[in-house]
Structure formats: structure tokens, C-alpha cells
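In the two assemblies presented below, chain A is common to both, partnered first by chain B and then by chain C.
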Partner chain A sequence: MTTNATSALPTYMTAKGFCLTSGFWMMVATFMGLLGATELIAPDLTENIGWLVFGRVRPIHVNLVLFGFVTPGLLSSAFYYVPRLLRTELYSEKLGVITVLAWNFALVTVVVSLAMGYSQGREYAEMIWPIDMLIVLAFTLVFINLIMTVAQRKEPILYVSVWYVCAGIVLTAVTFSLGNVIWKPNSGSLVGIPDAILLWFYGHNVFGLLLTPLSAGVAYYVIPRACRAPLYSHTLSLFGFWSLLVVYTHIGTHHLLQVPVPTWLKVISIVDSVAMVIPVMAFLINIWYTAKGKLGEIHADIGAKFVFTGTIMYFFVSIQGSMMALPDVQRVTHFNNWVVAHAHVGVLGFAGMISLGGLYYILPRITGKPLYSRFLADFQYWLILIGVIGFTVVLTIVGLIQGNAWLNGETVYRILPEMHVYYVTRASIGLIIFSSAILGLYNILRSIFFNPGEIS
Partner chain B sequence: MYFPYFITYMAVGFVISLVVFLWAIKNGQFKDQKRARFLPLEDELEPSVAKVSTFKRYEVYTLLFLALAGLAASGAVLVFSLLNANI
Partner chain C sequence: MKMTPKAVVIGSLLILATIVFVVVFLPYATRIQLPSDIFRDRTAHEADGRAIYIANGCVYCHSQSIRSIDWGLGAERIAQAGDYIQDKPILLGSERTGPDLSQEGGEHPDDWHTAHFINPRYTRPLSIMPAFAFLGMDDIKTLTTYAQGLGLKHADKRIQRQRFWKEKAVRAYESGPEGNVKWLHENVPEGWRNLPNPYPTTEAGLARGHKIYQDFCLGCHSPIGDGMGPAQPHLNPPPLNFTILKDRGVSGGILYYQIMNGITGTAMPYFKRELESEKIWDVGNYVAVYFINQTDADTEPKGIDAAYEP
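Right, the complex of A and B next:
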């Protein structure tokens, strides 16, 4: 079942669809983030507008960033590089387009239902059961298309990027189904501590077993190509892949060190969180040695520039994550804005950067024309880089203020004036990121539909 | 009672991983690793999009500074938090 059987060149409709999906929902998601940040400094801003209160805006922001912006961006690259690495065509472009449509339909229902107040009230797993099923369906369609492409491959060896993207989809389907307790449609949850344990396996692994493998897959494809150099070590990359599977699957409970979950489970989560250094460094050493002496080539390609910067952010966020799992560190850093800073480095700085990098890398190749504007992409790069660094600094400071106040028994309202200036800065940075999303969407739209560039 | 769900989660992940790992060994996925390094490059390569000489040094320095600043800030706050944790 190959849609392109009659045409000489692939159409890349699926990849284009996911590019557009990522660009559009990045704009909506970052606007929701900006709105939420503004409400934190001006709580009356959306007074009496029920569907725009912070409690509804925040989950919309989080879920759209995850499933609307970053994942589709990474999938757009995957739908380009998986067939190429396997020397075959995508199993079905038609199925791919249906997947894009289903994915976007699911995202619309996410926004509408959460804005209407239909929520399961579980962080990162707020969506109600019918929407959970839509998301599972979308992932299933992606998996069928990719695994059938693998099955019809002409290249016998699976390059590490293919391993990562297939594992990411399978693991997410398992994690999502269990984490959202889909066998209990009425509540979507268990009761008490067991629910917390299950939720945080999902809450952490939806990043660690979806965004991380998909991002690693893009980096392993883009960096060698941009550098025109072979991967430093494919064996090391496979070692990193399998060690990620072993280590990352058990660390969710490090979100629950300060609640009464079994000690043995806490110990596993802490040990594996620290052990994350192994797959992380295996990945980074491999990528950075591949790029050694080739920074000029990386700079010359805007996609590779985004991706390479994402790997630097991965270093920061991973080391930080391992440290944050230590109970003594966590006594100060947990339950406050430190974690929000950490999440922004991970999701925007690492996975978001690589998502955009992969997208900009493939755009000229799937359209057959140069990127509409390298300048706009460069500008977006710097806006996001400044935004991520800004978020990190500002939210880390606020987190320390909150953490120390908590530790010292200080009353919450007494530290609010201290935090205010940082919250204003945070909203300003949110504006920068939202602006960059608009530029990005414009660039993507022009590159695909209204591109005056010469056909290569 | 949390054990059934937790054990199910770990068991499903473990079984899938083990099956795929055994398939990979049987299928020779861990052989010929030297050729695998070149797989992304076996595709046709596009002409160079820019010369290396256009590399803007100041941009690298800025990136390096931001990266080091981020590292220093992370290190400083970690030390700060540890010192104030009343361990």
C-alpha cells in the first residue's frame, strides 16, 4: 500500500501536515502560556470569563505544547527520515494524512473540553476519556505507518534514529494508556497513592519516553548529515538507546519523594534518575564527537543549529534532573517554580529546539525549494534561545525564593511581593516566545505554500 | 493496592523490550556497526548551503557565554540550595 507507487518523487504530505500542525499549535500553545503568566501578575485580567481562568489555561498550555507543538514537529522529521534511512517509501501517505487530520481533531477537542472545564484534574493527564482514546488512536495510526515502513524496508540495518522513533511511539502508547487509567472511563484515575504513583510514571515518561527518543532520533539524523560526517559510533548510540529503556522507565516516583509511597520505589526512582547520566552522556558524546571540528557546517544550516543547541540544553536539563532527584536537593527545589524552569529547559530548550531544527532541516527537502527566510528562522532561534535562558534564570530564582520560604515556614503571602518582579519578567519572556512562534508559523506557511524560491 | 498496576507497567515494558532485543540479535542488527555509521550519508547529499568561512565567531562566543552562564547559575543555585537545606 504505497500511495506514491505511481509518482516518481514522494509527496511528503504527512511530513508537511505535521510541520503545519506544529507551527500552528506552537502559536496557540505559547499564547496560552503568555496568558497564564499574565494572569499570575494580573489575576483579574480574565475576571468572569470562566473558560479563560488560570486553572483551565494552564493545562491547555501544557498539553498543547506537548501534543500540539513539540511532538508533531518531531514527527514531521520522522516521517521524512525514516523512509529515507530504510531506502523505501512511507507505507502510506494517505494514512499519514488521515493521521494528521485525526491528530488535529484531537487537539481541537483538547482545547474545547479543557476550556469548558471538562478535566480529570490529574496534572499532564487532564483530558477526559474520549479524548484519551482519540490520542491513543492517533499514536496507533502513527505506529502502523512507521512499523509497516520498517517491514517493507530495503536497508537491513535499522539506524539508531529508527530505533528511537519506533520505541518512542510504542512506549508512549503503553505509558499513556496506563497513566490515564483508560480502563476506568468514568474517572480516569485510581484512588489515593496508587493513582499518584501511576500518574507520575506517566507525567515524567510522557516527556522521557516520547520527547526524548523522538528528539534523539532527529539529532542522530540531522547532525551527521549537516556535518557531512559519519556518526562517531553507532554502537555507542545503540548502547545509549537500550540503557535509556532500562533506566528511564522507572524514575517517575522521584516526583513523589515527599509523600508516603513505598521507600523501595523511591530508591529505585532516585538511583535510576542519577543513572540517567549513562544514556544522556552516551548520546551527547556521540553527537558532539560527530560534530567535532564541524561547527561551521552546523552554523551554516539553520536546522542543524537549532538541533545542536537543543543537545546543549539536553546536557543542562539532564544533569539538573539527576540532581533534583536527590532528596536533600529536592527539599528546596520541589513544589515551586524551580521545576517549572526545569520543564522549560527540557521541553522548549531541548525537545522544542530540536523539533524546530528538524522541521527547518526538512522543509527545503520536502518542498524542493529553499526555506522562505533564513533570516526569520535565525531570528526565531535567537528569540527562543534568549527566552529559554531567561525562563531558566527567572523561574529558578523564584523557585529558590519559594523553596526557602517553604523550608523556613514562611507564610506564602509574605513572599508574594518578592516574587512579583520575576513574574512580570516571566510574562515578558512569554511574549518573546509567542512572537517567535508567529514568525515561525509565517516562515513555515510561506515555505510550503507561497515560496518564490527556485525549485531545486 | 498499587502493586498490580505498577507490576503491569514494568512487565509490559520489560516484555516488549526483551522481545525486540532478542529479535534485534537474531536479525543481525548489532553486526556491521561500521557501515551503520554512514547510513544517514548514503542518501544523496545536497550541495553545500554555505561556506565554512561565513561562520560568525561572535555568535559562537555569545552562545558559549550563555551556555556557561546557564551552567554557572545552575551550579550556584545547587550549592545554595544544599547549603540552605539544613541537612
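Right, the complex of A and C next:
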């Protein structure tokens, strides 16, 4: 603590580090997505290149998006706003930088191990044991840094963003360890149906206890600041926070509604999936009422614009999700590209948008200079918005074709040619998103390292 | 409520612990450990194949979980918890880019799988499954063993059936074209053998037949029907060379029956799920007209003319 108390100006090394991490891995992750999409159009494009086979590219894409792009982006903002909100400095920038390095090292091992075929075969929990340990360690380091910052705070009251980050990190460290069955290093799994139940308990909590709380933290910070308005309601913040923790953690089994798991568990997951409107609307009403009449201010700030759009996506993905948990709907939507559309609205449209928004909001503040190019950021905003909406439309159509055809007794093989043209469109949209990631990385690099801007 | 750091961290951990107890631990404690009627232990070789399945992410395109609403591959049997009691990890899958594989064992003979894994387009021209030739022949064999065990006891029965007929098919093939065609046709029920194709040959019908042939048959029987498609080197007996059928008593009914039902023991799959009746007649007649050079379409006995005929 002493080291920090004496240093004059905060350097925000940790925030910058996570910002670069997010920008870089967004580029790699979206490239892997684009590659996978292309392989579904031209399966022999990478023939005989084992480490680029679709079944290895896909988990690399998914894990990099979650742990390489979105999470570090959200953490970058957190490492800026947590000390600010607590009127103190980060407990240790040194520890923070070590965390960034460990995090990136873990990501490299993720890519290499999955490309080489070292996988435990469980979605979102593919990584082998040593990498699981690295990730748990990284989360622990983040938690220590944040909680020690909280401990040395000069502001007695904890703002809602701080609750979300602290809870999100500690709960993820726990559910990640549980979900990856880290007490069984060899298989990293349980046996039979309980394995599926545990996996999807964890899998859903990646969105519910990691992406959602960290995104909510950023939204709760950026929107009131950008609007220069107090938060609409403290009661709603409290209600939204606790109901999120209680309800979200119950619903993982809605991924298993058509599988022989106990019926009572399915019923809980369906009922609570519908009940998700409570935490979702508590959060959204709070944010939207704070911004009421202030959309001009939000439009004027590129960071806030990203974040606000993210909250709208959150509305759609959650309403859609509640619908998808109904067994009658799932007869059509399960097992096909409808779910992939939903996943992209959630992870790119909601959490990804807010992650980028947080970065663009804090970049001028951690560099002390204006953003290198507001135009590029705005351009990226539109590319991603078009990308997410395009994905949703195209993949939802494919999903409906697949789901209805199967219900009607058509075979999987017969539908393949019908999907082709949509897959081509989807890959083109993927190219748009990949391009936007390159622009984003360029903008971040120039803003941090070669920024000609005036000192603000 | 005052949100102190303790309230946030300890409070949320307590909530999590309670929920883990309810939605993870309780189902675990009450799990079904009784094997289902089809359950048997997996062999060591099958387990090795399963590891290859996991390493190459087959699970992202294939489910192993048949639902009550399914029609396709494996739909004869709905999944039960007791099927999975040794799966570690369980590989239910979350997307069906390819078909469900719960009951894949014995659907095809081993040689079909070899050709399919080397490049799925060899046996399924429109497939978007990746080629797995890079695994090498040893791993492809191991993977095939796993695929052939999917469905456990039910798979074993189907495999026995495949082996039984494979032996006869190979012997017939080795006896030369005359004997092979004789064997092939004597296994077609008599009613079908004497049945000509009841529909007239039309340009539109041939065009449809051509399209179906390209989408379903070409990788084995080849574009010119001589059985030398890219899958041929891996199949035994090799895909039929249609030209040998000329003047050997083939009929529209035989072609229809073989395409509909497949020839168990050989790589020739059944198409009754994939092709409606009209499509089977059309592709059969396409084969007859272009490759065998002999068609019985529209000859007697053909019954009452179909309503759509001009």
C-alpha cells in the first residue's frame, strides 16, 4: 500500500494492459470465427491442416471471445473505475501488470493447446487442467487487487459498479473451478448426466456471473457519468443485484430441456428463465431512467453510445432467452443456428458492445489525451451494430429452416444446401466484424502509444 | 441495506453455495446409476476413439442425444439417463450441424466410415464435415471403432448384421460380374424384381435424376456410373459399375428397391429417409437411361396411368 500512497499520478498500467489485451485478442478471436464460418462454406479449404480443423477452430474462437476479448475489456474499465469510485489508487499496479501478463500467457496456452487437440471436450471448459489453474490464478490475482483497493478506500460508500465487479470476479473464480471439475485433473469432468448438469450450470454462469455483472458494472459507471445525472434509484440497484445472483444461477438446465435430467430441475430452470425479466428489467429501468432525456449526451460520447446500445441488446437477448427456455419454442430452436444467433446478440451485442464502450470511455482518461480517432471508433460502432443485427437475422433464418425441417422429418443432410447461401452471408458479415476488430486495435494502439492529441 | 464489502462478497458466496446445493448437488446425489437396456462397457479401443472424437471437436457438430421429437438417424430409440453412466465427459452436444450419432454404430460398414473420414465428400457429395485424412489411417480405424460402438448393445447387433452380409457381398463380388449381379438381385424380393418403372421417361424427370445423382451418388458411383468415384479405393466391395447390369435382368423395381433400402454389408446406404418416392424413381431411371443404357420405364404391367402424366 505504501508504494501507491506515495506515487504522484496514477499510471493506469493495468487498465492499459487489459485494454491492449482485449483489442488484440478481439482481432484473433474474430479471425478464428471468420475462419470457422468459411470452413462451413468450403470445408476442404483447410484440408489436411489438422490444427485448423473446424472442431478445433470453434472452441478457440469461443474461448478467445469470452476470455480474450470481452472479459479483459470489461476488466480494463474496472481497473480504472474501481479506484476512482473509491477515491483511492489501485492497490498495486505491479500486481496488475503481472495479472495482465499471466492472463495473456494463459490465452496463448489456450490457443496452442486447443489447436494441438488437447481438449476436455466440454463447452466453455475445454481447457486442460494446467490452463484451468492459470485462469483461476489470474482471477484470484484480479480479486486480490480489487478487494485490497476496496480495503484502502477513502470513500466509505461502495457504488453499485463495485459490487458487481467484486461479486462477478469471486463468483466466477468459484464457478469456473467447479465447472471445470478441477479436483479431477485428468478428465476435468463428472460422469454421465450429472456432468451435463454441472457443465451447463457453469456454462450459463459464464454469461450470468461474469459477462453480465462486469457489463452492468461498466454501464452503471459510464451512463450516469456521460449523462451527468445521478443514478435513478438505489433501491432498484440493490434489487437488480441480488435478484440477478439468485435467479441467473438457477437456469443452466434450460440448455438440457430435451435430455433425461430430473423434471423438477427442468421446471426450476424454465420458471426462473422467465423470472429473469425481474433482474434484467430492474437493471435496465435503472439505467434507462437515468438516461431519460439525456440521449444527446450519450450520443455525443462514443463510449457511452456503445454502452447504451449494449443495454438495448441486453433487453433483446434476455427477452429472447426467456422465450427460448419454453419447451414448445425449444422444439424448433434447440440444436441449430437460432442459438448461435442468440449467443452473438448476447456476447457481441451486449457484453462486447459494453466492453468496447468502456474502453473508449476510459481511454482518454487513462492516457490523458483524447481518443486517437473518434471517427474510427464511430465507424467501428456501426460495423459491429450492422454485424450483430446481420448475424441475428441470417442465423435466425437458418435456425428456423433447420428446426422446422427436422420437426417435419427431413434429414440433416437434405438441409445442407438450403443453408449454404445463408452461411455465405454469415461469413461476409463475419468479415465486417473482423475488419472492425482491426480498426479497433489500431485505434487503441494509436491512442495509447502514438497519440499526437493535446493533453486534455 | 448497507452494502459493505463483506455483505457483497460473503453474501454472494452464500447465495451461490445454496444454489449449488440445490441445482448441482441434489441432482448429483439422486442421479440414476442403473444401466439402461442397451448399456455395456466400452472397450479400450473404443475409448481411444472417443479421445480422438474429443480432441477434434466432433461434439460441436454432432449431438448424442435423441429426443422424443426426432425422426432422423437413431430416432428409433429415445435417450435414457442409463445410456450415459460411463460417459466422462458426457458428449451430448449443443448443435446439430451433422446428424445425431447416438445410434451410429452399424448404420454403415467399416469401409464406408474409412472413406467418409478420409473425406466426407467421397461418400456424401454435399457434406460440410471436415476431412480427417490428416489423422492418418491408424487413428481413422480407431475412430471408426468408436463410431461403430455408438448405440452400445444395439450397435453390436447391427454390426453383426453388417459383418454377416459383408462376407456374402465380398464373396459375390469376387465371383465376377455375372455372379455378383445374380447375388444382388436374388436378395431383392420377387415382387420388386418383376416390377418395371411405371412412369414414362421425360426430360424433366431425367434432369431431376441427374441432380439427385450429383448430390447423393457421385462420390461412389462416379460421374459416368462406372463405380470409380473417389471413394472407390476404400470400399470393398467397390461401388457398383452400372454398365455391368445391361442385359442381366435389371428392372426399375430392382433399382428402386436397392436405392430405397440400401445393401447392408456394402457401403451402399439406404436413401428412404433422404429421398421421396418420386426422387427414387427419377434417379433410378437416370441410372438406367444414361449408364445401363436400358430402361423399362413406362412398360407393362404399369397399372392405371398416374394423374399427372401428360
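Simple rule for what comes next: the second predicted complex is superposed on the first by the 451 of 456 C-alpha atoms of A that agree within 3 Å, B and C clash if a C-alpha of one lies under 4 Å from a C-alpha of the other, contacts with A are read in each partner's own complex, and residues count from 1 in each chain.
FYI, contacts are C-beta pairs under 8 Å (C-beta built on N, C-alpha and C of every residue); 3 or more make two chains touch, one makes a residue touch a chain.
Computed from a predicted structure; not experimentally measured.
Asks: Quick one: on chain A, after the overlay, do chain B and chain C clash, or do they fit? Just give me the call.
Replies: When both complexes are placed onto chain A, chain B and chain C end up clashing with one another.
Asks: I'd like to know which partner A:238 touches here: chain B for first, chain C for second, both or neither.
Replies: Touch status of A:238: both partners.
Asks: First (chain B), second (chain C), both or neither: which does A:50 touch?
Replies: It touches chain C, and chain B stays clear.
Asks: Return first, second, both or neither, reflecting whether A:260 touches chain B, chain C, both chains, or no partner chain.
Replies: It touches chain C, and chain B stays clear.
Asks: Looking at the overlay, what does A:120 touch: chain B (first), chain C (second), both, or neither?
Replies: It touches chain C, and chain B stays clear.
Asks: Between chain B and chain C, whom does A:329 touch in the aligned arrangement: first, second, both, or neither?
Replies: A:329 sits against chain B, while chain C stays out of touch.
Asks: Between chain B (first) and chain C (second), which, if any, makes contact with A:26: first, second, both or neither?
Replies: In the superposition, A:26 touches no partner, neither chain B nor chain C.
Asks: After the superposition on A, what does A:348 contact: first (chain B), second (chain C), both or neither?
Replies: After superposing on A, A:348 lies clear of both chain B and chain C.
Asks: Mind working out whether A:230 is in touch with chain B, chain C, both or neither, as first, second, both or neither?
Replies: After superposing on A, A:230 lies in contact with chain B but is clear of chain C.
Asks: Should A:411 be classified as contacting the first partner (chain B), the second (chain C), both, or neither?
Replies: A:411 contacts chain C only, not chain B.
Asks: Which listed stretch of chain C (4-12, 76-84 or 220-228) steric-clashes with chain B in the superposition?
Replies: In the superposition, chain B collides with chain C along 4-12.
Asks: Which chain A residues lie in the overlap of the chain B contact set and the chain C contact set?
Replies: Touching chain B and chain C on chain A: residues 158, 160, 167, 170-171, 174, 178, 190, 193-194, 197-198, 201, 238, 242, 245-246, 249-250, 265, 331, 407.
Asks: Spell out the residues on chain B that touch chain A in their complex, using ranges where they run on.
Replies: So the residues of chain B touching chain A come out as 1-2, 5-6, 8-10, 12-13, 16-17, 20-21, 24, 27-30, 32-41, 43, 45-46, 48-56, 59-60, 63, 66-67, 69-71, 73-74, 77-78, 80-82, 84-87.
Asks: Which stretch or stretches of chain A touch chain B in the complex?
Replies: 81, 84-85, 155-161, 167, 170-171, 174, 178, 190, 193-194, 197-198, 201, 220-221, 224-225, 228-235, 238, 242, 245-246, 249-250, 265, 295-297, 299-301, 309, 312, 316, 319-320, 323, 328-329, 331-333, 338, 365, 385, 389, 392-393, 396, 400, 403-404, 407, 456
Asks: Going by the contact rule set out above, which residues of chain C touch chain A in the complex?
Replies: 1, 3-5, 8-9, 11-13, 15-16, 19-20, 22-24, 27-28, 30-32, 53-61, 63, 65, 67-73, 79-81, 84-99, 119-121, 124, 126-135, 215, 273-274
Asks: For chain A, which residues count as touching chain C in their complex?
Replies: 39-41, 43-44, 46-50, 53-56, 58-59, 117-123, 147, 150-151, 158, 160, 162-163, 166-167, 170-171, 174-175, 178, 187-199, 201, 238, 242, 245-246, 249-250, 252-253, 255-256, 258-262, 265, 268-269, 331, 335-337, 339-340, 402, 406-407, 409-414, 416-417
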